[in-house]
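Next up: the structures, one after another.
One chain, chain A, links the two complexes that follow: it is found with chain B in the first and with chain C in the second.
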Partner chain A sequence: MVSFIIRRLLISIPVLVLSSVLVFLLVANSGDPLGDLKGRNPPVPKQVLDLRRHELNLDKPLPARYWIWITGFVRGDMGTAVNGREVRTLLGERLVVTMRMIILATLLALVLAILTGVISAVRQYHITDYTFTFAGFLFLSMPVFWLAALLKEYVAIKFNQAFGHRVFYTVGAETPNLTGSLVYRLGDYAGHLVLPMLTLALISYAAWSRYQRSTMLDVLSSDYIRLARAKGLSRSRVMVRHALRNALIPIATVVAIDTGTLFGGAVLTERVFSWQGMGSLLVQGISQVDVNVVLAWLMVSAIIIILFNLAADILYAFLDPRIRYG
Partner chain B sequence: MKNLRSLRWIVLILGLALIAAACGGGGGGGGGNNSSSNNIKQGGTLNYAADQEPTGFNPLTSKDNGTSVLWVVNRVYPSVFHSKPDYTVELDSDLMQSADLTSQDPQTITYKIKPDAAWSDGTPFNADDFVYNWQNQNGSNPKIDAATTAGYKDIKSVTGSDNGKTVTVVFKNKFSDWKSLFGPMVPAHFTKAQKGGWNTGLDKNPQNIPSAGPFKVESYTQGQSLTLSKNAKYWGKPANLDKIVYRFLPESVTQPAALQNNEVDLIYPQPQLDQVQQVQQLPDVQYQINFGLSFEHFDFNFKNPQLADLKVRQAIATGLNRQELLDRTVKQFSSKATVLGNRIWLSGQKQYQDHSGNFGKGDVAAAKQLLEGDGYTLGSDGIYSKGGKKLSFRFSTTAGNQLRETQGVLLQSQMKQIGIDIKIANAPSTKFFGDMLPNGNFDIADFAWVGTPFPVSSSVDIYRTGGGGNYGKYTNPQVDQLFDQATAELDPNKAADLANQIDQILWTDMATIPLYTKPTFLAWRNTFTNITDVATNEGPFVQEPLWAQKA
Partner chain C sequence: MAETPQGAPGEIPPRESSPGGSPVSGTAIAPAEPTSPVEREFTVAARTQTQMVIRRFLAHRLAVASLVVFVIIVAGSLGGARLWKYNYADITKEFSTSPSLAHPMGTDDIGHDTLAQVLRGAQKSVQVALLVALLSTTFGSVVGAVAGYYRGVTDSILMRFTDLVLTIPLLAIAGLLAGTLGGGDWFLVAVVIASVSWTSIARVVRGTFLSLREKEFVDAARALGASDRRIIFRHLLPNAAGSIIVNATVTVAVAILVETALSFLGLGIRPPDTSLGLLVSAGQQAAQTRPWLFYFPGLVIIMIALTINFIGDGLRDAFDPTQTRVRA
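Up next is the complex of A and B:
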């Protein structure tokens, strides 16, 4: 298992380097990071433009710029953004914000997906199954920004107005200058988190529940389930220990990979709720032609995805003894 | 079974999070109007939804020379003059006793600083600050990042006397807009002592930067918010509010809901129609739509042989229906929107004169007549050509800007009527401003010039031969000479007349086509009062000390 993990990690290094070269070339050729300065009135003096160009290494050829970046990255230095901020610090802050949003959203989506998927499978073609199927497709087809707008208008604002007390927030990750007891602060965090978490969770759950339903149906129709029942095992024991456990194996992979991707930022969710996470950092980096920001984002996101893929493999071994002992 | 146990934990965590959510929050709301300035309550906090986070805290560098920085530090750093809602400027009488032109030749300005004026760390505000701010903006050191050297490069000397409280500035070249200088000013003693000095020394820890204004930076959480609090050491009239919180909400479409949900108290976004309509329906919110000092225009590239022909430019300007452009874009925000007839003095300024004449009224027949008189013949495809070359131009603007993209489409259809083919070639703003404009890679470009209360000096580089903002490479020695005269004319009325003469020539030459001044949109919860838009680069934030809670 250990050699498998090391092999997987080693294979990912050239993939990372190649993708960083491609992204570097794409971003570096997509515009001029100093474009905004050039459009100002009164015009920025030429000597200042030259100075900024030099500071950002824009006066060097592309291979030299890439070399400066990659050697810095290996040493843990991700350079500075166009606005002068250290990219490493920026990325750290944004990653924390994104994690706050996606961890609970993923857990909620997973719980909902497993519950509704399993119930739908067990009660196939019953009214419950139809209801869950309808809900699943509804959220699957609903654009994030639309769902977010509905939640803001009809959950947050209406709820707060009805109770005359602000419980749910529509923007940001927390109230500025937050002080008070731990419970109060946790309440504030939760009040800010509920809407983006629900948005993200409902969209993710919709796809995962369909997946869970179909795998559960496959398992329920398999011979070993029939055998377990024929042996006289209780329905609940068959369902949980034999059916559900096996039906969780495929979804573990899907969830691990999807969650890894989410760490790169739930771009739309972050933007509609004004959370300054990884997704908005990517958008900002691309719009400002900020090569260092986009490359750092790419590398960190890619590394997280690779780690989550590994985690999926390890989960497989945990859930499926055939792999563990094989 | 382990899975079920995990599920129980997950459900428990979610439950706790939701219970905790119910414990959070705070109330808001209220009513009233903005008319009274006496009926105010001291103290309180106003939350402003800022589109952008400051890039640093020295707005005099090119890196930080944006409104995201200026609007934060404008009442933290001292300025000799501040702008008023009528686009004029007034002396900051808390900071200065006087600032007078004491000699015409050589031009000499004598600044007298209030004896009590001091930075919040106790260091007196004096001539050292004037000298330091001049030395770093006069362009003498190529390693210094100065957003502009305009005016400062014309200064010969800055000297202090009277214990540093009198500053005498002598110019080597006359500079009519001298009131635009020395504002804002960064603290000399503090900035010099920082690693990185002028260029980057003020990038971090703004809460340590001393203030010489009614507010100081209290805290800054990157990616989240910045808080200004009342400067306890301020010697002048204190601010009414205790704190102003700048919440960084980069997506302006989220701002109306945040305003409605009492999460922010004031918004000042680039207006979008649906956003304005949404805010107009909110019960406890007041708003203002103004037309400021930024104006949209079409820039011609004189390096294009066909556009270098005056008759062609005149034909475009004659066939263009600016009113239709206005009606289909900014007129939807406000019925006060009007087309612009001057490139230097804008609609709200008292020196404004409309020189557009018969241009921009969509006269198709006259436009065609101009082209035919110039030797162009109409082809079977409805497009004029001369010498086998069709009249076809690219229209470029910043992609994604809906108003400008609409203007491009309208221009295309209007020009088709007069036999000119327009091809849309928009680009992202970084490419548009970074490559297309400076490298002359355009035919007709649509963008805005951001004006200041000092339009003469800020227009020089746009229309003068070889000017940095003269992307179309327009040239007229008479215009150059008049700009020399206007920038050196110390009588404001004569300078204004000269500027109007310049604009008349620009119309005759059809150097560019001005369209309209851009709307601004300010909305605030009506629990606050004394809030008015100042549609200059200082924005409504110049009046932060007056903002107050209603009693």
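Up next is the complex of A and C:
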């Protein structure tokens, strides 16, 4: 097991290195970081442009620039953003905001998906199965931003009107300059969190519940389940002890992989609810040609994705002894 | 849908006859037809794999209904834009009118007819999605087939390559390339989406090939002296067709959603042309005052994606009936 983990870790390193090269080439060819300065009126003096070019190392050849960037990144130095802030602290802040949304959404989606997926499979072609299936397909087919706008419209605004009090917020991660007791602040966080979390959860839920249903169906039609029933075990015992436990293995890996991509993929949700998280940082970085921010963002997200993929592999091997570690 | 009507052993309809089975021309002239002698020994017309898949798919009512709706939407968006009296770029004199007979989906604040825009948007979105499915299925199948068939070092390299592609989010690629490529062209949008979405098909095909290549019929083909290329294309690929087709279908649905997301962020199709994502994005601010601008394009997106997903589900059951427990 230990050697399996070490081997998988070692394989990840070249992928990460290649990923950094790819990221660097993509960003280096994506736009002129000095475009904003050059376009200013009155024109910026040539010295300023040269200075900035030198600061960003744009006067050096591409391999040298890559080397400067990657050695800096490994040491934890990610440079400064266009607005002068340290990229490292900026990324840290944004990561925390996004994580708040993602962790809860993942948990909610996972619980819902396992429940409905298993029930669907056990009652295949029953009315409950059709209902859950339809719900799953509906959320699978819905654009995230459309669902988010719908939730804003019907859940938040209608609900707040009904209570005559702001319960759900539709903008931002928290009320700016929030003060007050801890309970009050937590309530404010929660009010801001519910809708974005629900949006993300429903979208992930859709795919996962379909997946859970089909795994459970696979398990239910396997020979050992028939054997367990044949030797006289009760249906509920077979379902929970024999079927469910085995049907949970594949979903664990799928969830691990999907969560890794969610860190960058919550862009749309963040955009609709105006959260200042990872996603909006990337969009801002790209539109401002903020090279240091985009590079650091992509690298951090690549590391997260690779780590989660690794976790999925290890989890799978750990949960299912039939998987060869070779 | 019972078995084909039968008569005396000499009267079997030719094998190609439709599965529903009308005893076409076969009855009178059957003895004269040069059918192979083996087939004549059976009284039931043999069905090919494809025929069985089609029969099973047709038995799936929701999938068939979805297929009909999807075809109508596609035909409507491709042909309807020509027939409808307004063009997507036309500016009428009515601003922000709610749905009426003259404008079934209303108009926006500039005076565009929303129906004409939705038709155009659906056309662009469907074009992008179909091209994405074509490109990513072709590329993904080839990568997956080669990796699964040759295993070893080739497999490792190709699979690490797919891992590598997955480390960069699609939104980032689209955003970064948008500046370089000029952006906005539906063809480029499709290529960008396909450059990422082929990975899932590659993984599925690789998995199928890894198990298929151990089967006896592959050994038999190799013993008969078939080349690698022949084994891959003639023996393995047809057997993997089910999972490839199902995945291609799902890819269409995913691509529709990705395209709308990109356009929503301003990274996909751009004005003056339009797409469903762009329309929803523009209508979002007006969701309360002019709901028709927001709901109609959104509903069309859902209709397209939903029908494709149902078709995919029907195809999956048709190709692989093992999960159908109750109805056999």
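We take it that the second predicted complex is superposed on the first by the 315 of 326 C-alpha atoms of A that agree within 3 Å, B and C clash if a C-alpha of one lies under 4 Å from a C-alpha of the other, contacts with A are read in each partner's own complex, and residues count from 1 in each chain.
One rule holds for everything that comes next: a contact is a pair of C-beta atoms (placed from the backbone, for glycine too) under 8 Å apart; a residue touches a chain by one contact, two chains touch by 3 or more.
In this text, all values refer to a predicted model and were calculated from it rather than measured experimentally.
Student: So, A:153: does it touch chain B (first), chain C (second), both, or neither?
Tutor: both
Student: Could you say whether A:188 touches chain B, chain C, both of them, or neither, answering first, second, both or neither?
Tutor: first
Student: Looking at the overlay, what does A:48 touch: chain B (first), chain C (second), both, or neither?
Tutor: Touch status of A:48: first partner only.
Student: Which partner, once the models are overlaid, touches more of chain A's residues, chain C or chain B?
Tutor: B
Student: Identify the partner contact of A:138: answer first if only chain B is touched, second if only chain C is, both if each is, neither if none is.
Tutor: second
Student: Look at A:172 in the shared chain and tell me whether it touches chain B only, chain C only, both, or neither; answer first, second, both or neither.
Tutor: In the superposition, A:172 touches chain B alone.
Student: Between chain B (first) and chain C (second), which does A:94 come into contact with in this model arrangement: first, second, both, or neither?
Tutor: In the superposed model, A:94 contacts chain B only, not chain C.
Student: Considering only touches as defined above, state whether A:204 meets chain B (first), chain C (second), both or neither.
Tutor: In the superposed model, A:204 contacts neither chain B nor chain C.
Student: Does chain B (first) or chain C (second) touch A:246, or do both, or does neither?
Tutor: It touches nothing on chain B or chain C.
Student: Pick one for A:30: touches chain B only (first), chain C only (second), both, or neither.
Tutor: After superposing on A, A:30 lies in contact with both chain B and chain C.
Student: Show me the chain A residues, by the header's touch rule, that chain B contacts in one structure and chain C contacts in the other.
Tutor: 30-31, 153, 271-272, 287, 289
Student: Along chain A, where are the residues that touch chain B in the complex?
Tutor: Listed in rising order, the residues of chain A that touch chain B are 30-52, 83-85, 90, 93-94, 97, 104, 107-108, 110-111, 114, 152-153, 156-157, 160, 164-177, 183-184, 186-191, 193-194, 240-241, 244-245, 248, 271-274, 276, 280, 284, 287-289.
Student: Which residues of chain B touch chain A in the complex?
Tutor: 1, 3-4, 7, 10-11, 13-14, 17-18, 20-28, 47, 49, 55-56, 62-63, 65, 139, 142-150, 200, 203, 219, 221-225, 227, 245, 247-251, 253-255, 257-258, 260-264, 427-435, 437-438, 447, 449-450, 457-458, 460-462, 467-469
Student: Mind pulling up the chain C residues that touch chain A in the complex?
Tutor: Of all residues in chain C, those touching chain A are 160, 163-164, 166-169, 171-173, 175-177, 179-180, 253, 257, 260-261, 264-265, 277, 280-281, 284, 287-288, 294, 298, 301-302, 304-306, 308-310, 313, 322-323, 325-327.
Student: Under the definition above, what is the set of chain A residues touching chain C in their complex?
Tutor: Its residues touching chain C are 11, 14-16, 18-19, 22-23, 26-27, 29-31, 124-125, 137-138, 140-146, 149, 153, 214, 217-218, 220-221, 261, 264-265, 267-268, 271-272, 279, 282-283, 286-287, 289, 294, 297-298, 301-302, 305-306, 309.
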